[in-house]
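The structure is given below, and queries will be raised subsequently.
As written, the chains take the letters A, B, C and D, and residue 1 is the first residue of each chain.
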Amino acid sequence: MADTREITVTVNGQAQTREVETRLNLADFLRHELEMTGTHVGCEHGVCGACTVLVDGAAVRSCLMLAVQADGHEVTSIEGLAAADGALHPVQEAFWKNHGLQCGFCTPGMVISVAALLRDNPDPSEREVREAISGNICRCTGYQPIVAAALDAAKTLRQGG
Amino acid sequence: MELKNSFTVAADVEAAWRVLLDVPRIAPCMPGAELTEAADGRHFKGNAKLRVGPVQLTFAGEAELTEVDEVSHTARLSAQGNDTKGRGAARAEVTFVLVAEDGHTRVDITTDLNLTGSVAQYGRASGLIDAIAGQIIADFAKNLEAQMVSEPGVEPAGAATEATPPAAAPADNSISGISLVLRALWAMIRGWFARNPNIKSG
Amino acid sequence: MGVRYTGAQVQRMEDPRLLTGHGQYVDDMHLHGMLHAAFLRSSHAHASIRAIDTSAARALDGVHGVFTQADLGPAVAAKAMSQLYPAPVIKQDITQFPLASGEVCYVGETVAVVVADSRAIAEDALALIAVDYDPLPAIIDCRRALDADAPKAHLSSPDNFVGQLRSAFGDIDAAFAAADHVFSAAFMQHRGGCHAMETRGVLARDDQYGDGLTVWSSTQCPYLVRRALANYLGEAEERVRIIAPDVGGGFGPKAGFYPEEIVIPLVSRLLGRPVKWIEDRREHFTATTTQRDQQWDLEVACDKDGKILGLRGKVIHENGAYVPYGVLLAFTSLVPLPGAYVVPAVDVSLDIVFTNTTPNTPVRGAGRPNAIYAVERMIETIARELGLDPAEVRRRNFVRPDQMPYETGALLRDGSPVRYDSGDYEACMDQALDLADYAGFKARQEAARAQGRYLGIGVSAYIEDTGVGPYEGTTVRIEPSGKVLVRTGAASQGQGHHTMISQIVADQLGVTPEDIIFEAADTGKFPQGVGTIGSRVAANAGPSSHDAAGQVRDTALKLAAETLEAAVEDIELEDGVARVKGAPDLFVTLGDLALKLAPMSGVKVPAGFTPSLEATSYAGSAGAPIANGTNVAEVEVDIGTGEVRVLRYSVAHDCGNMINPMMVEGQIIGGVVHGIGNALFERMIYDDQGQPLTTNYGEYLLPLATEMPHIDIVHQVSPSPLNPLGVKGVGEGGTIPAAPAIIAAIENALADFGVVIDYYPVDPQYLTGLIDAAGAQAAE
Amino acid sequence: MKPAPFTYHDPTSIADVVALLARHEDAKLLAGGQSLMPMLNMRFVVPDDVIDLNGVADMNGIDDTGEALSIGAMTRQCELATSETVAARAPIVQQALSYVGHFQTRNRGTLGGSLCHLDPAAELPTVAAAYDAVLTAAGPDGARDIAFADWPLAYMMPNLAPEEVLTRITLPYWREAHGAAFVEFARRHGDFAIIGVAALLAVEGGRITRAAVAVGGADVRPLRLAEVEAMLVGEAPGEAAFAEAGALARKIDAMSDAYVTAEYRQRLAGVMVERALAQAAERANGEG
């Protein structure tokens, strides 16, 4: 019989309880158990960064965590970044303004990583931004518009935007 | 990947040939190999372990003496097996040629070993897999020689065993003193005979 | 005419949805009763299959079916896939079976499929399938493929020769006879794979009593998939609906037709359940077509001033194990010759060969980067041998504006001549040189040399044939609500077609992009389509949406004139209404006009009008608009480690009028970074048994944010006369010139060592080898 | 690429871990998961049992014992990277960490996980080698200290018996005023190092009094260059000494793989040792 456990994970502020196979990774838990498909899976070996979510506020690869490891913890996924009324987070707004996305597949991981960066480092240099997103592969944009978006969002956030 | 090994024993070629054809007897010479079935003199079933870092492979399959030429004392053993957990397959053609040299017998072994499947598709470890496999074959030659030597009326002819595994020829290394191949050997022996060797975490 | 959207930096309509996690990619779709599939793939580069035992796999709890080719049903069991692009030049037109039938010819080829309750269980079952392979010799190195003793990629083949293409025009012998100098160069080009962040995926649902077969696929060409799948199944195209939902990047390889796009629909039909298959990243390395190697051997004839008289040579093109996609890739490797230059005589032949590796089809730029790399290498060779400034050699050879439209002598795939429609190549280069401060480089180079650092600068100029026909149609319809429905065949993988086409339609109808309902890439919603390849959408869907919206505009103006009893010339469309110029309160809404042409029972349609305020157009470009540009790369080479860092990258480009400059720049920056990946990082290697060794992203090096330079861009605009919008394509413009610019810069940095590069991607180990060899030579 | 099925255990004490290890023959320990999870997803590693260490008490924390840094095996790499204590007492650890993967992987990756996975190109084992770290393992017969020199047995095979778990890593301080540097050459930021070098130099009266040079990525294990260290002691820190050190380092034992030859690794070892020593020397006399 498959090894399963009942877990409760608070996702974007809402407690979600499911019984899951222990081999299920956190990305697939969000995408297929909760059908919150904003988090994307690009490589399943911890390099592309498309699956990046916040667990207890820390940006992590959700494909490298088992869902059972998130039991009793807080997860923030891309669906939880905008305000309740739908107003975009300053990082989302800046990505839109600076054409920081094209196909949108790396975007959830990219936006979460930039949001985590700016929370911990409100005034990063371009080099610090590029290092922070060096763990998020994008094949479409060539990164330059994303770096511009991150610096733009940093300015907005510093001005209390 | 092709490997060549040879050694000489003080025995007439017929005695050495008898040991060679006794596959159940020489199978244990291969580290990690285990014969489970010997249907007739020619067809055998068994498995062989290959450990590459944290990945423990067990190839289950069969071997066959596909060629036995009494006149030229040439024998060919073809073996192939699949990893029990589906990570790849191994295939080997081992050719033995016994040459009588003034009362002694030189045993030339040519091994053509190929790995396929996911375990063979990891570029960063490809150098290592060759070195480890090369070491296993060199080990097999040494153990085979020991078997032949223990045959009554046969002693070592004093010729050093030349093990010439291909990829990682022992690099000249005046600094750390231990060549890669020797260390791979030390690790292999320690690896095989420790109780269920296993990396504990990662 | 209202607010002008065409030409403005409009923020994209697609973004809010994608930024908040509400994209709809294939793997995001969950259908009731949906099962999951996993494929068993060949672990041998070449082998015959004696037997496949699926009994243990079928017995595993949670498995609903295990299929080999024979299990797919008698109608198709012996049926190989069809040739997508037939061409007489193909001498061995060998395509693969959806699931291998007796012989496998590359690692990754589909052998069997398991369908189960979950992907995890399906993968568990794969390990239980026993395949009795009989390994056969395999040919891996394309340069050895035509040797007499080379292993044959297929049991049935006499040799590995697929066919030969030749681009020959002008009097080549006269050119070489008259030459003051003949220089030669030989080099290998390795282009690398697709590696869109979204791997491929197929979801199929069959409803024989309802709307037939529906297939969601991460494809760039839904209509090509519909035609090929309907053809294979022997069904009417209308009963095979292909939908490309959000697609996470394509870059070429998602433009083909794959075995999984047959097998998944078939097993869904056989099991009576929706079935989803998502390619995982390791599969992507071998199951998705790619571009690997081309070996070029060229000679160039020139006069004493470096003016090119003729170009000749041979190319060996690796096609991989099968020929799924015709010879498109081989063809685009010759068409752009001779590049941006006047070359009176060309004679280059290209041999297409089989190897036991993943089939090769176009990756961003297709063969164009290869052809332009070849031409630019010969320019660099001339400059080096004659001691001329590389920019000067280009200046002396550029096609000049007064020669346009200029026919090079080469032919496009549809047989029409390659004709440079507009552009000032020399002025474009000068803009790039200014942007890069090319003049000031000598000083920068010497200052760095004083600190023991090696800087180098490299130039590359390119042309690109874009907008290949025949069409990409669009329907525009105004609804009674006043909203405008736009439907097109154009399939997007992130290029922003929704925004681009909405800008064009909004300007024609005096509405805002937000008023437009955009539907695309669904064969059930628009009758015919071609696909998104070769930077073609702007030059095809641009004109068709412009034309369709124009027809609707004309009808609306005529109807409004009648309604408002005014002359047609006095009516203007703005803010969603048709009004009499100068009499703002005399107007009728577009919605009301639409209602007049869509009445319910008992109401007449106005005379002279047909129902529904809509139009469909398949207008495109009258030929292939030729985009062009010049890139300048400045690099530093660390001669201790061999590392190359790109310090500065300048682009001057011309793709005619730009509908959305922000999105054009996005395509260029993304394209350049893809080109830098090809020049320095991306390499897929096989061992001599054909086992792929590069199967993860720790070893296949995609360009990351930290290694990329800031890319400065200046636009030149030479409107194309071939379509009313004056647009040309730009999707591949960034990728094409990157490798030649960077490699010229590396050679410039290492001029002291006399390094000549004959392979890319250039990695530090290869460079230190060249540096050490040059050093040793110098020491002798 | 989904893992094969396994039974998951989440013990809360080291004793529980040891008991589980004794009971389950084919088990893997899950620490940060940045190394094991990819191998599980790719089914390279197919254990019957996975023992999660994240809930185990007292395997975490950074203590300054006055003599050494004593670090719990489950301490996250990001915690080490931002710790004031580590910055003050062993800054080379933080330099090395800046090369380790990406901030998302360092948020989960642990010091113990990296030392047990023992990828030949990993940065932290190289630092541990330079420091002559002592690794403490817990097993059925209690704790066992292992000098780092004895830790790597072979390719990705640490000196841990099947029933043992690594619990603590101790980095003994250098008493003498010294400078330290970690440098690495990798193709991209965050990639596996082709060659990484950890160098510590104590300098007094214009002479090198103590040297430690460890090279990672060349061989299956980090290598202490004993001959280079011996040569450096007594020399004046400067280009001449470091050039000679580099030349010696080029004779290091190195392996080849599908991408990088032994010769290139040896050439790089020479270049990187020279650069690491120069940086360490600058820091030794307070310039760097």
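Assume a residue touches a chain if its C-beta (ideal position, glycine included) is under 8 Å from a C-beta of that chain, and two chains touch if they have at least 3 such contacts.
Not measured: the values here are computed from a predicted model.
J.: Count the C-beta pairs in contact for C-D and for A-C, then report the pair with the higher count.
T.: A-C
J.: Give, as an integer number of Å, the spacing between the C-alpha centres of chain B and chain A.
T.: 50
J.: Mind checking the centre-to-centre distance between chain C and chain D? Centres are C-alpha means, answer in whole Å.
T.: 43
J.: Suppose each chain is reduced to the average of its Cα coordinates; what separation in Å results between chain A and chain C?
T.: The answer is 29 Å.
J.: State, to the nearest whole Å, the distance from the C-alpha centre of chain B to the C-alpha centre of chain C.
T.: 49
J.: Could you check chain B for residues that touch two or more other chains and list them?
T.: Each of 85-86, 118, 122-124, 126 in chain B touches at least two other chains.
J.: Using the touch rule from the top of the page, what residues of chain C touch 2 or more other chains?
T.: Residues 120, 127, 280-282, 685, 687, 693-694, 696, 698-699, 704, 706 of chain C each touch two or more of the other chains.
J.: Where in chain D do residues touch at least two different other chains?
T.: Those would be 1-5, 30, 38, 42-43, 188-190, 192, 258-259.
J.: Pairs of chains that touch, anyone?
T.: A-C, A-D, B-C, B-D, C-D
J.: What part of chain A is in contact with chain D in the complex they form?
T.: 2-3, 5, 21-23, 25, 28, 44-46, 49, 52, 58-61, 63-66, 68-69, 113, 116-117, 131-132, 134-135
J.: Under the definition above, what is the set of chain D residues touching chain A in their complex?
T.: Those in contact with chain A are residues 1-8, 10, 30, 33-34, 37-38, 40-42, 50, 52, 54, 78, 101-105, 107-108, 188-190.
J.: Which residues of chain A touch chain C in the complex?
T.: My answer: residues 21, 23-24, 31-32, 35-45, 47-48, 50, 77-79, 81-82, 88, 92, 95-97, 99, 101-108, 111, 129-131, 133-134, 136-147.
J.: Any idea which chain C residues touch chain D in the complex?
T.: Chain C residues touching chain D: 118-120, 123-124, 127, 280-282, 640-641, 643, 681, 685, 687, 693-694, 696, 698-699, 701, 703-704, 706-707, 763-765, 768-769, 772.
J.: In the complex of these two chains, what residues of chain B are touching chain C?
T.: 82, 85-86, 88-89, 91, 114-118, 120-124, 126
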